[in-house]
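For clarity, chains are labelled A, B and C in written order, and residue numbers in each chain start from 1.
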Amino acid sequence: METLEQIKCRIEAAIPGVGLDIQCNRVVPGQASLVVPPARALEVARFLRDDSRLALDYCSNVSGVDWLDRVVEEHVRVTRLVDGQERVFEECRERRVPGHLEAVYHLYSMRLKHGPVILRQRTVNRVDQARLASLTPVWRSAEFQEREAYDLFGIVFEGHPDLRRILMWDEFRDSPMRKDYVEPDDYEYEPTPHDDLREKARRHYPIEADA
Amino acid sequence: MDEGLRSELSRQGVFATTIQDLYNWGCRNSLWPLNFGLACCAIEMIAASMARFDIARFGAEVFRPSPRQADLMIVAGTVTKKMAPQVVRLYNQMPEPKYVIAMGACAISGGPFKRGYNVLKGIDRYVPVDVHIPGCPPRPEALLHALITLQEKIASRKLTGPSRARAFQEEAPGEFPVPEYGPYDLVPAKNTDLWRPKPITRNE
Amino acid sequence: MNRRIPEDVLIEALSTGDLVPESPPRAAVLPRPDKAPQAEAEASPHPISRDDSEGALLEVAVGPHHPSTHGVFRMDVVLDGERVVRLKPVFGYLHRNHEKLGEGGTYLAAMPYTDRLDYFCSLTNNWAYALAVERLAGLEVPERAEYIRVITAELTRVLNHACLIGFLLQELGAMGTPIMYAFREREKILELVEALTGSRMMCNYMRFGGCRCDLPNGWIEACRDVVDALPRFLDEFENLLSTNEILMARTQGIGVLSSELAVQAGVTGPMLRASGVNYDLRRVDRYGIYDRFEFGVPLGAHGDVYDRYMIRMLEMRESVRILQQALRAVPAGPIINPKARLRGFKPPVGEVYGRIEAPKGELGFYLISDGSANPYRYRIRPPSFINLTILEDMCRGATLQDTVVILGAVDIVMGEVDR
């Protein structure tokens, strides 16, 4: 199979102005991934499926990933006036990088028996713009898996034929697989709490030493 | 009737018993379980009903698909919050006298999945349980042991008097409220009339 | 209705050989009558507008408590008389938050949970997870452990397929006998598994870089006895079932799945191969040491329920072949890579997707490591969940009782579907 760089070049030639990115993977060779802008994801997916040298007819796995907001420390050089003289200072500034949600697609070819080619789509943020393009029109196998990502991560897939909750009940109002999900507190009876459950149980049963 | 007279009569070929004993004897030897598997434990429940372990030896091989025809519910597997209302509904639909075996760690307390957001931490929050079998999953022999334990419990059951079994008390509830799906959890999260765990005090 | 399998076709199918040709001989090539014209008319795109229908559609929820749904699975079926117009599967009644729990614990702590995914095949689940982590951490597996893995995985495959056929026949109304036969074999295999791992169902046997414990004394001989007796069981099973009039009438031409749709919908495993697509990960990925064994990949020609049944029968025979070869060649040596660390195991930053051919299809694990002891993302690609994508397509136009059979032949286990 072609390398991911070659695939990227061919996609960019076929779909002008698509703006792809490669996210490298140092530990597992052959499993680097292609970051696709959601607006053009459907075109890229169609190309990958229909191109005769790739023929990625089989979308094996669709997975949601949650990346929390991060705080990055940056060292910035600042010039300031001190006692009438300009001096260069090095300052440590914290910059907040907004988190995002991600959908990862693992593509294989059943006809040519090669793969994987990994696609990633990223949302703008985790809150109000968690929208991605659904690739279900290209690969049916993404149908339930995208529903699952919608249910558990809250990623809205535009163009999905039937986007409903799949694992949790319809009335449920949260995205439990997100990293900041707080589960309902039902640890009122924990005869042998351990690890992080100890804290939860403590709320219900003050341990005698604390009380 | 005293024991001496009874044994004397039986020597003469007269079988004497009480209604209570006869009723309990019939009841305990023809338990009809509900054909109701939730998860992994259900496979061991099926194995228990197959040739090697042969639950038919204990009169409990008639697995009924309908709760209306069953008097024993074997909660075999993890009860999730999504499934819990259905389990309670099935229990409510069973005729009295009815019994529940909580099979496996998950049905007892959530087991290995206890930390899951969608896992009910023990079915006895919503229905009364008669026998708990630990194990993940319990072996078929353990299920047979639970069945025998339940049979012993039925054998010693009283039909009349103040200490009579729950099924024969008019005021005792035979049905329990079905929880509803809420926005974050089941509503209510437990049946407080039923679920009264022992208070825990602990010193570290 | 008088359909028979010519024996020579069966034998040809069995000897598919080690190398899969470009267009392999199709297994289970059975003479079949053309589709009944009446059924064709009823399965037309407009099944509702029939004269005898009174225009009233009936909505039935089959499950989550239903004896034929293989656990707590629900199908919301819209019926026009007996015919299925629409079918929506409803999942989640056994959603045990496996992925969340996997992310909350260390890499090794997720291993016991994988047992409970597809609780018939805990050993292949272990293998899939171990394989993914080994790729992530770059661990080699010693020879002996590879052999043990192949042996246990193929035993699991036999066990799974036998039980599935038992359940399928149970759904056809054969209460008792086939499933009793299947569970009789299951007990024999479980005794081996218990002797090896200490547990009947939840084995928790594989470790990153090998296996947890070595074979006990006499295990190979005991296993060989069981394996040598399997062909006799398979003959008996096939004599009982394969040419059974009712089985053929109820399954041939039912739930037909075209190979194009199967590929498009990501169907894997015996279901895909029953539709005639030659895609077996044991051959494609050659993971473990599967390139050392001679075995055939049976393929179906019709893609109906009968082919799915037949493929599983034939796969069991191929598994027996692999087992016989593997049991002859188990080498001595360590069972775990000495470099593998049980405690303080932290793979490097990166991600991996590892997959194996589980009895039900492609079981994959997608792991993202952030360099800590816990996986940042722990995702399971469950074969039986994705195989259900096309359940509605297969069932539309079928009768309700056929739906049960079609679902049975998909081979789902809810622990894996809902996780």
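Remarks
Here is the rule we use: contacts are C-beta pairs under 8 Å (C-beta built on N, C-alpha and C of every residue); 3 or more make two chains touch, one makes a residue touch a chain.
What you see is a predicted model; the values in this text were computed from it and never measured.
Relative to the centroid of every protein C-alpha atom shown, the closest chain centre, again from C-alpha atoms, is found for C.
Comparing the chain pairs A-B and B-C, the larger number of C-beta pairs in contact belongs to B-C. Our note on geometry: subunit A versus subunit C, Cα centroid distance of 29 Å, whole angstroms. Averaging Cα coordinates per chain places subunit A and subunit B 45 Å apart. Inter-chain centre distance (subunit B to subunit C, centres taken as mean C-alpha positions): 33 Å.
Multi-chain contact residues of subunit A, defined as those touching 2 or more other chains: 167-169, 176. For subunit B, the set of residues that touch two or more other chains comprises 82, 115, 117-118.
Residue numbers of subunit C whose C-beta contacts span two or more other chains: 92, 95, 97, 100, 418.
Residues 64-67, 71-72, 92-98, 100-101, 104, 112-113, 116, 119-120, 179-180, 183-184, 186-187, 200-202, 414-415, 418 of subunit C are the ones that touch subunit B when the two sit in their complex.
Only residues 35-40, 42-44, 46-47, 50-52, 65, 77-78, 80, 82-83, 86, 90, 112-113, 115-119, 136-137, 139 of subunit B touch subunit C when the two sit together in their complex.
Looking at the complex, you find that subunit B touches subunit A at residues 81-82, 115, 117-118, 121-122, 181-185, 189-190, 197, 199-204. The residues of subunit A lying in touch with subunit C in their complex are 25-28, 31, 33, 57-61, 63, 65, 104, 106, 110-111, 113, 116, 118, 139-145, 152, 165-169, 176-177.
Subunit C makes touch with subunit A in their complex at residues 91-92, 95, 97, 99-100, 135-138, 261, 263-267, 277, 279, 284, 347-353, 355, 362, 364, 366, 368-369, 377, 379, 381, 385-386, 388-390, 418.
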